[in-house]
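The structures considered in this document are given below.
Here come two complexes built around chain A, the first alongside chain B, the second alongside chain C.
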Partner chain A sequence: MVKIVVESLYFRYPEASDYALRNISFRIVEGESVAILGENGAGKTTLAKNLNGLLKPTEGSVKIDGVDTRNLSVAKIARKIGFVNHNPEHQFFAEKVEDEVRFGLRNFGFSEEAADKTIREVLNVFGLEEYRGKNPFQLSGGEKKRLAIASIMAWRPEALIVDEPTIGMDYAQKLNIRRVLRSIVSEGRCVIVITHDVDFAASICERAIILSRGEVIGDGRLRDLLSDDTLVEKASLRKPFLIELEKETGLTGLEEDFDAISSTLVEVFQKCRS
Partner chain B sequence: MAAVELRKLCFRYAGSEKPALTDIDLTIEEGESILITGPSGCGKSTLVRVLMGLIPHSYPGELKGEAYVFGMDVKNTPVSRIATRCGIVFQNPDNQLFTFSVEDDVAFGPENLALPPDEIGRRVDEALRLVGIEHLRHSSPNNLSGGEQQKAAIASILSMKPSLLIFDEPTSMLDPSSSASLIQRIFELKRSLDETGGKTTVIIVEHRIDLLLKHLSRIVVVSEGRVILDGDPLRVLEDSFRKKIPINIPPLLQIYFRVKDKCGLKNPPATVKELVSMLGGPTSNG
Partner chain C sequence: MSFLRAFKYRRKDTAVHRLDPRSKFLLSTILMAVSIVFTDIRVLLALVFGQIILLSLAESLREWLSSLRGLLFFFAVIFATQLLFGGTLYTGFILSLRLLALSSSMSWFFLSSTPEDIGRAMSVAGLPIELTFSFTMAIRFIPVIYDEFQSIYDTQRSRGLELEKGGFRNRIRNLMPVLIPLLVGTIRRTYEIADAMEVRAFGASPKRTTFKPLRLKSGDYLVCAASAILVALAAYLKLLGIE
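Moving on to the complex of A and B:
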């Protein structure tokens, strides 16, 4: 299973005067669920693209299973580490939804039969079967996003990096995406989520890496980092709702199930009052 | 005159069997602040395209019923004319920015209105200040992060001073603190324009509702191409909750709607702290 090791990574875009990433070191191992958080322009997407070899470090190194990304082709890395772009349109080019999913499968040597089966499965998971023959560019914003994730998930990479997965998602779809990402983690694969949606991050990720102006300012248990007022403010974040609720009520271990939370609150406070 | 008037509006994209919009009746008065929301794929973006005249002029399909924007019939008014009154900030800023500097993108609209150069300069300065990106004035949009691009796209519309401002998921790429300050700025801008005698109408298409709630005059919920709820924001959210319509009801309200009758709550809490104290719990930490 995959292991990503980042050592003293510095990255500068060609012609840029300043580094976009500075002195970044961490490792991510199999089965981890990591949120990459931070303000706009902090370097989150740049970091993600360094993790899957789309960008190569200016200094320092990123190693995937011990091999420097400079010595690996983008395709080779993509087989192991899937990357879902925040703008799905950057990813699409097929004329049909099913062909968009088929493309990766074909490239990675799936038989047509296996590809057909996989396409059926992922379109089903993401509620896209009815659009099978439709042009990806004609889908709505939320549907495009789901197709983008589905077409990467299809070849089952060992790690999945998703850039802003909840944009354009309604509540039901968010729960759906959450379920899918959690199931990937429970299979021992890795999920790395870049997001501004702290509630979503908290519902999936154990760990958070917080960036600010190209540097890591926090790396640890998400719950601990996002309970830290100073850090939250410094990174232009917000405390997740459940963490705030736990802090105000003294309750612990709350899960995002509003029926359960509401009954608990009513019960606890009615007891207090009587 | 109403800012927007739609009567029995139906639209079906060419090549699609299902209609995208069905029998939409919607009137928006000048000066209102409206949220249009609904499950993904419900027809929100299609509705916005009608308001801009992009439907029927740029998207082929079958349009029935009537659609007026400031009295202009979208069917026979050129998009360029509608654009002098309506500005839209698209979901994807890439679709909006095309020059080599933020400043040029922001100046593009007013230049096309043939305004005098010093007025263009004033508008560019003001628009950049309103969204807080003066420091990116000379940057190339290509080198900006997603969130910065979104701010640049918003500035490029504000510089046109439109009377109807449409935002298609404006905060989707912004971090929580930029989202909060952007929403704040949008409505401050509306207030300051209204104080000088204007009546700016704001339509926001969003999935995230919590930041907007206190600014809205109405919420319109669209589902499967039809308007299924339209009215007072809190009322609409509670109806959506009862009818299990999958929109992103803020977590605080998720709890409020569930406990209000049992606990005799009269008004929704604004913060978690307030909720807890309403329920009779600790009013301070610890």
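Moving on to the complex of A and C:
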């Protein structure tokens, strides 16, 4: 299983005068679910691109299973670590949903037979089989997102990085994406979620790495970090609603019943009003 | 691509930036013309030297210098063709110097004028607003489209696309996953911009007023006078028999 080790990583864009990432060190081991949190422009996407070799460190190193990313091609890393761009429309080019999934499989040398079988399975898992022959651009926002994730998960990378999965998603779409990501976590794969949606992150990830202005200001159990007032404020975040609720009520495992709780709460509020 | 940096506008507040785009355009064109008609090393050196002064007045020497590295490639091409086709090292040097003078004369102009300024100078010169507006929009959107290209390329590389792999035909085919999303995005943006312009009544009235009318100031008269002197000087040198 995959292991990512980041050591004293500094990164500067070629034309920028300042570092976008400064002195970042952490390791992510197999099966971990990690949220990378932080305000806009904190450097989350830049960090993600350093993890999968799209960007190479200016100083320091990123090692995948012991090998420096400078010595690996992006394709080699991508086979192990999938990366889903925040904008699914930046990847669609095929006429049909199934061919969109086939693209990655072909690049990684799957036989046509194996690809056909995989496409069927993955579209099924992601609830997209009815759109198999449809044009990807005609899908809804949530379906596009799921297709983007599906087209990467198809080759079964050991780790998956998703950039801003909830951007522009409505509540039902978010639940769907959450379900998909949680099932990937439960398979023992590593999932790295980049977001500033704390509730979403809390419902998927055990661990959080909090970035602010290019530096790591917190790394540890998500629940602990997001209960820390100063840290939460410094990162321009907010405490996750469910964790607050659990603290107040002394109950645990509430997020399993998230939908039930939110509808109950709506009822309670309505009663209070009237 | 790095030499393009010498032509990208940087927001700065210098005497050169504040000049009217029309007078800058005049001087830039004349400098360009002079660089083309002379091959005398003294003239070309004087041109380059004069433009270095202009660039330093515009606080843009650094951008210009960093673009020189990109020009090196073209210098190499010039020397190679000269040596291949019967020229000498000296002619190679002269031609490179001329290219430097030429590109510098455009460089300081573009570095110190906003796309809007250039567009306005064009419409004052009598070009229709549809044309000048398209021109400034096109320049405006180059960085946006470039960013989008970068994001798309990164995304497809993360899906195992390797542009460098395979023969010529394969490489062309490999471009499709990058070009199609870029094209779709650009066309979509075009419609959005058209709508945004229409709701703000672009083209509704044939007569447009200007928020910032162009006005020639004393610096501009100086620049125009300098341009005139430059033309006279060039003519005089030609009469003296200097090529």
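Here is the rule we go by: the second predicted complex is superposed on the first by the 248 of 274 C-alpha atoms of A that agree within 3 Å, B and C clash if a C-alpha of one lies under 4 Å from a C-alpha of the other, contacts with A are read in each partner's own complex, and residues count from 1 in each chain.
The rule is short, and it goes like this: contacts are C-beta pairs under 8 Å (C-beta built on N, C-alpha and C of every residue); 3 or more make two chains touch, one makes a residue touch a chain.
None of the values given here were measured: they were computed from a predicted structure.
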### Query
Between chain B (first) and chain C (second), which does A:Y13 come into contact with in this model arrangement: first, second, both, or neither?
first
### Task
Report for A:V74: first if it touches chain B alone, second if chain C alone, otherwise both or neither.
second
### Query
Looking at the overlay, does A:G82 come into contact with chain B only (first), chain C only (second), both, or neither?
second
### Task
Answer with first, second, both or neither: which of chain B and chain C does A:S151 touch in the superposed model?
second
### Task
Please indicate which partner A:F103 is in contact with in the superposed arrangement: first for chain B, second for chain C, both, or neither.
second
### Query
Just chain B (first), just chain C (second), both, or neither: which does A:I167 touch?
first
### Query
Is A:K49 contacted by the first partner chain B, the second partner chain C, both or neither?
second
#### Entry: Residue contacts with chain A in the superposition, chain B compared against chain C
B
### Summary
Note: overlapping chain A surface for chain B and chain C spans 87, 89
## Note on the structure
Per the touch rule, the chain B residues reaching chain A in their complex are 13, 16, 38-42, 45, 91-92, 94, 143-148, 169, 172-179, 207, 246-249, 251-252, 254-255, 258-259, 262-263, 272-273, 275-276, 279-282, 285
### Query
Which of the residues in chain A come into contact with chain C in the complex?
15, 49, 52, 54, 73-75, 78-79, 82-83, 85, 87, 89-93, 103-104, 107-108, 137, 151-152, 155
## Note on the structure
Listed in rising order, chain C residues that touch chain A in their complex are 5, 148, 151-152, 154-162, 176-181, 184-185
#### Entry: Sites on chain A touched by chain B in the complex
13, 16, 38-42, 45, 86-87, 89, 138-143, 164, 167-174, 196, 198-199, 233, 235-238, 241-242, 244-245, 247-250, 258-259, 261-262, 265-266, 268-270, 272-273
